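So, here's a batch of structures to check.
The same subunit A turns up in both complexes below, where it pairs with subunit B and then with subunit C.
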Partner chain A sequence: MNRTAKRTLRSARLAWPWLVLIIISAILILLRDSYPQIIAYPDGLTLPLADWVNVGADWFIAHAQSFFRALAEGLGFAFILVQNILTGLPWLTLALIVALVAWQGGGNRLAALSVAGLLYVLISGYWVQTMNTLSLVVVALPLAVILGFAFGYLGYRSKAARKIIMPVLDLMQTIPAFAYLIPILLLFGFGPVVGLVASVIFAAPPMVRNTVLGFQSIPPAILESARMSGCTGWQRFLWAELPTAWRQMLIGINQTTMATLSMIIIAAIIGGFEDIGWEVLSSMRKAQFGQSLMSGLVIVVLAILLDRITSAYAARQLPTASFAGLPTLHFFGLIVVVTGLSIAASYVIPGLWRWPEWAVWSPAQDINKWTETFLIRYGSAMDTLKNTATYFVLLPVKIGLEKAIVPFTWGVTFVPAAKTAYWAIATLFCLVAFALGAWRLGIALIIGLAFLYFGATGLPWVSVLGFAMLLAYQLGGWRLAAFVGGSTAYLLVNGIWQQAMLSVYLCSVAVLICIVFGGLLGIWGASSKWASNVIRPINDMLQTLPQFVLLIPALMLFQVGEFTALLAIVAYAIVPMVRYTEFGLRSVSPTLIDAGISSGCSPWQLFWQVRLPQALPQILIGMNQTVLYALGMLVIAALVGTTGLGQLIFLALGRADAGAGLVAGLGMALLAMTVDRILQAVVRRM
Partner chain B sequence: MKMIQNLSAALLAGASTLGMAQAAEMGAVDTPIKLAINEWTGQHITTHTAGEILKSMGYTVEYVTAGLYPQFTALGDGDLAASLEIWLNNAGDIYPKMKEAGKTVDIGPLGLETRESWMYPIHMEETCPGLPDWKALLACKDVLVTADTFPKGRILSYPADWGTRSADIISALDIDYKAIPAGSEGALVAELKSSAARKTPLVMMFWKPHWVFAEVEAGWVELPAYEPECDTDPAWGPNPNATGDCGVAPPITMKVAWSGFEEKWPAAYAFLEEFKMNTADQERMMKAIDQDGEKIEDVIAAYVEETKATWTPWVEAAQQ
Partner chain C sequence: MPESSNAAAAKVAPKKAKLSVRNLWKVYGTDPEGVTSGGFAEMPLERKLSHVRDADHFVAAADVSFDVAEGEIFVIMGLSGSGKSTVLRCLSRLVEPTKGEVFLDGEDLLKANPRGLIELRRHKMGMVFQDFGLLPHLDVVQNVAFPLKAQRRPREERRALAREMIELVGLKGKESSYPHELSGGQQQRVGIARSLAANPELWFLDEPFSALDPLIRSQMQDEFLRLQKQLLKTIIFVTHDFLEALKLADRICIMKDGQIVQIGTPAEIVLHPADAYVREFIGDVPLANVLAAEDVMAPAHEDGKDHPQVQRRTILDEAIKLFDDNTVTVDVVDDDGHVVGALHPLAVIRALYHDDIVADI
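So, the complex of A and B:
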């Protein structure tokens, strides 16, 4: 026996569970024409979980409704109070206060940015809607921050509490908001309160996490000295712990603010208070791109201002901060004086109170016309782009090469000889990898090529379940395998397998694109200071934008469909990939690089053998985030007509079917957590 | 507080029925009547017209934005008083549920002359000779084949949450087409506009009145006209083996109210029972607002003034 044969056999021995599964899958696929239930999970084996949830929810709502309605009345009252103040005050007063607050946090530049942003809101004519949205943010934010802080502190003090809080946070952030809008609507009743409650649920988790992090990272020396100087528990909290954790908590407040705004925009789908999200949504539904772009930009302005101002206050806590602003008392004094003076001025000049009609200017109608002209001129080019992507990328992943290669799409027929050649090459690749001792690569190749051949919707569910569990077992042992198996089984028994696989398909294409292009952009960003300066603001922008604003330009150019959804998902999910790749490559230790250079590496070798392997853990974290972002965006993308779990959640919203929505939402969350756990296991093994 | 108001309104209403037999009392004029504003312009016009007339009767009216489906929860709880243009073909499962539970009531039909069918931009009559007859679709299927539907032809349909009418008709007629759901009304309109501009093939499910017809010239596919037998008798229609092998019955537009509406604002309810919307007027105003960029308040104010002769009898009938 020669050495190659020996190595091949050894590879096969190591890979035996995979080989067994591959053979079982092959048999299943050969039998699929006679037994369709091999591909489509049989209906007879599903559980009516959605119905049970509805029965439970109906019972709970019937008993708890009066309590929640009373709560809603209180929250609604707070909202109306704030709304009356914000819409009642002259625009001049509000603009000056915002400018002052911005100045106090970040100096002249930030103040100028705020003024410019607010002027846009005024000129575009969306002031009232913006104030309505802002009112809800003003009410929701303190609630989310206080609740987040309370649970975060609890999590810091008690390990047992932390064990419960952390998985719940995962759920709160991964279950798509559309799924819990329905039960909230039924419990709290119609109105802005629905958006308020949803945004508190969605926005509290970052506060909890940052609070825990902030308190955990207090240097023990500080606690020691607090004890030595004889602090009581309360004193220690107030004078030692809180000030030290404060900076991290401000970062939490910044993230919570952004999450609140983003959720309030999403909750606009319920309606109830003439907010800016409603404006975007209804103009999008009417295909008025000019209007949706103009109102979408208002959201962008709002997001940027909230982000910059809150992060300016967080940055001011740094010991290196150069700008301190006025002493607090003077600052508040100034605000009072400015408020008084500006109100007085607005009494004299009414145009300072209500922005005059003649000063409103919106190019919305022109934008609509330009879009149309553009589409007439370049529409066929756009279609070619869309069709190429659909035929050669989307369709193969969705229905597999075996069905995607037809004369209509590829211009050729997938003849049996070509199919045989495909499998022969696949087997050959696998054997070569085995012979080289790289059995993992061989297995990955054959599974990848089979996936491409049969498509996400053409795989036997038993095989998917088997491969997912085996992978999980080898990466993280029995516990991970059980979790992955349980999640997969959940999707199966709830009869949402088909939709789940459609979601997997769209997300996997999006994630792949993000990894390739995001990775390249990250490498580019790490290689030059200049590139990094170009990329960073774009990333910041993409990440601060509430998700559904991203749909507008894609929808304008490519109409409804999966390609549009794909673009929107990529735009949103590529950011972490770029960021973490750049960060990972930049933080490779210089000594290692020097060592590489002195041992005579070419730049190419330096990259592949030193920098990339060192940065890999960071890059994997980026990938993980990208997957989570892609799944999060998938639901929003259902607005432009995708199929899959996102659509299912949407349908449930239409029927006010809390059960179906929650079941699909939980399915989505489990999918996200499965990928997350598997990737985390990969990182741990490295 | 709210309860006391309700109670006194109920007492007043009770007292009034004892007094005069038919006359409707004004009821709680100081409590705003909250009217739902949904996502499409036609509905805004209907609602604002009714609302402005209610104001002239002495009521306070508040317009509240509300999603098509979430509004039923609000109507059931009395958080919204009425929604005046519910398309019964598109009311979802929650509308009958609320009505059955006695939480909402139908005030009556709004009277719009509607049509719902497959529709195409007018250049399709050249691309696919034989249109508007539906049988032409059999011959020119290849024109309508697209990437997602191959080997079938594509018929663009309503968003998935609006039901499956197109798919049902396709399977009842047994033709080689596939219904592709659009994500939203905007997506439907965008495709129609771009197809009309670029003369690309398109057949889609649509309805009228709709403002887009002010801009795009369109034809309607003539399916076998709807008759009730079509839904019950498989032998009826071109396909002897299936029911439903015909067009869609013209949808009814309904005015729907919270079940407590009539008791709280009797005269307003009586007026809304009379209130009807003229189709041609609505389409004209849709164009003025959506295409010419006029303000809805101005358009409606002018319209209400103009049509005083039409609605004065409705108000008088309500207040007599």
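So, the complex of A and C:
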């Protein structure tokens, strides 16, 4: 008994800063009814940062707009040119060119895949929309690649430039793309050009990274031998550096292509024209799920084809590649001949020029009917599922058990006795943990249970600030604490605290689900080759698809609402969790496992005591990625009705309010960076 | 000792120096120029070293001076990090020396402007690298022709020259292979062919055979010697393998911590190591294979009798086979058959057991 008491005291001594914060929070909570500003950050203490940004932006736009509008005209001209070519040429010609390009990169199989994909596009009747989207990609991609290459090469040549470029890239990839759509919107006016510019900016970073990486990993002996061969600087660049870095750059081009497509699709939100993103979005808004599914599949086809073809060209550069295609000159010759012949053929047979109406077959109406029937038959089951999740998971995290437990939702009232029992059990858990010497567990338990009780939106902001900074300090010292404190303060003084906490709520639920189910899937994948073969292509697919598309099935089944958003976020953010868990478990060294087995571990013990601890760092990296993915998807999920920062950005987009959009976007980036740095500190301490 | 190395230099390198290195320094750090200016020139060597090190700078080459004669194989030998590559790269200015002079045919290489430097590299220098440095996207012919392409020679001419070189290094038949399809030894043959393609006068090799396994290495060394018999380049060869140095070198330069410890012919080095560092290397060298009769001979033994005769450059391993119970001494003769010295059993034994008294016999 005496020993237990001693251990409890020792735990309390170690945990004292936490205990102090807990007591302060408890007092704040007791006072919250008399002082509402304890929960809601007082308006009087906010800074009009968004207004300042707008003043600055207005000034800049007033002075620079004519320049940017001229640029927009130039880009618009290029786009219309390409669009006219792509929509003007016979489908036969374009399909043949795509098939040939695919064949040259990856042989018969890839060519067959391309033909099948294009046939789907033709038959489903979205050819023109697809060509419109493709024209944007065709104009944006070279610009993004050139821009990315220029900055990447600069970063390779100059260390000073690299020091600026790399953090900017990090920031660009955490700020939601929507947030910088707004200034682009203001500078370039409306229309397809905005999406074009946005996708150039959004898609350039992977090219920059891969360019830097490619050039930096040129073996020094190659550079030296080029110099010793008497190359001038220009010859060395053209004949030695560029060809050696080329493969890595092709990987960059692949990633940039996917990002371009993704952004061009998303940009439909700010006003589409007749492109495929707009098709999906407007049919989604009209609740025509058949149409949105069919057009969504077109996006899937586009994404897969662009991905496979560009990565085939990258793989062809490997020294071990078996497929080389035709010599370049012959290949271009062939293209010219095929183009000529097919155009001639299309003159004769009009059906080869315009895909005939009678050959269009779209089951969209049928899908709508099936969905309806399905919903009528199983609607109540789906509702039950949705309501259960909402009442028992979403609501408690959002507004806390104290408000979530009412007769309407749980069928019971949260009577004072039950509340007392809740706190008694929480305190008891904590004490037991303290007595066992596990003070961290005790603190985590009590904070977790308090979080669940008051909900993300019912916490005193002072407490959140305090706990976040304390955690950051204990994990990573003063610098991390200052960063976390600064980020939190940013959210507070900009008056977006409420929305930030709503984002935190939805994200944390999504991330938790991802961790549990993603972790299980990862374990399953690591335990059987067969499972891994099933999971991998699904993961690949989820990652290649423009995020937008993931909304469609969720929306079909569950209509607008937070549950739908949750599903879409989970579908997207679960991928890294599965991947890293499987990878971590698989890369535990066989020697260690043998050692475990020979010391008599049961499979169960082997898993918990050998494999899991060894895989933990990888799993944590996976979790970190999952958080970042979830935050990234949050903005897109705002389309189907969520509240929080994503919605703020969205509203700002509608009003073309650059200040509000950027403030909320930066808030989101700061949230992401905070979680990222804290988790990285955890990994470092392991 | 100094006399003996001068004598050796006169013996092996009778011609005028092709390449002269004078007081070469390479200092790494934040401000190498600043650290080595001011009163630096007047300081004695020890002061210079401590001065630079006190300023938190790193000396990769310290006051390096040597001459290389035309057609000579000059080997720089030392442990890893001793500054061999640094010195070699200073000669080709892949690394800019901090201080010093490098004369090629009396002209200071370090004064060449960028354009002149490119011309020098195109026409006067060839270099072979430890990890080959072949361009992965070019086939063998294109790799070998690469320096000629940089000179903008016509395509047919450079391919013809490249084919010649490929045949010279014994790679005929592999012309259209890519580097990843070749073994390490074959890749280095390509590297060698490339370095010779522009017919340079100076041939730099930085541990060319270190990445190869022992059997191939020794084969490549033989080929290297065969090539040099034919080509007579002026060669600077870097290695950390003492046996390789002994096998290939006309003269060896041993380096330690950026400084030259000793320069001499292989025989001089093994017979008169300058210090404990050098003696370490000699440790278990099979001296009978390194030393020649002339290295350990005494003045001619004139007792009017006939003795067995041995050519002066015969290695001891061969020469000692002439000794039997009745042989007191063996005559050492030169190419014309004149007796130039005598080989005493005792002297041979002492030489083979690293006994320094040899010189006094």
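Here is the rule we go by: the second predicted complex is superposed on the first by the 654 of 686 C-alpha atoms of A that agree within 3 Å, B and C clash if a C-alpha of one lies under 4 Å from a C-alpha of the other, contacts with A are read in each partner's own complex, and residues count from 1 in each chain.
The rule is short, and it goes like this: contacts are C-beta pairs under 8 Å (C-beta built on N, C-alpha and C of every residue); 3 or more make two chains touch, one makes a residue touch a chain.
Bear in mind the structure is a predicted one, so any value in this text is a computation, not a measurement.
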item: First (subunit B), second (subunit C), both or neither touched by A:P48; value: neither
item: Partner chain in contact with A:A221 - subunit B first, subunit C second, else both or neither; value: second
item: Which superposed partner A:L185 touches (first subunit B, second subunit C, both, neither); value: first
item: Which of subunit B and subunit C A:P243 touches, first, second, both or neither; value: second
item: Subunit C versus subunit B, contacts on subunit A by residue; value: B
item: Touching partner for A:T232 - first (subunit B), second (subunit C), both, neither; value: second
item: Common interface residues of subunit A - those touching subunit B in one complex and subunit C in the other; value: none
item: Complex contact set, residues of subunit A against subunit C; value: 219, 221-222, 224-232, 235, 239-240, 243-244, 246, 319-320
item: Interface residues, subunit B side, partner subunit A - complex; value: 37, 39-41, 64-74, 77, 79-80, 92-94, 97, 145, 147-148, 150-151, 159-162, 181-191, 193-194, 197-198, 200, 290, 293
item: Residues of subunit C that touch subunit A when the two form their complex; value: 89, 92, 94, 118-119, 121-123, 125-127, 129-137, 146-147, 149-151, 178-180, 191, 194-195, 198, 204
item: Residues of subunit A that touch subunit B when the two form their complex; value: 185-186, 189-191, 194, 269-275, 278, 281-289, 364-365, 372, 375-376, 379-380, 383, 387, 390-391, 395, 406, 408-409, 555-556, 559-562, 638-643, 647, 650-651, 653-657
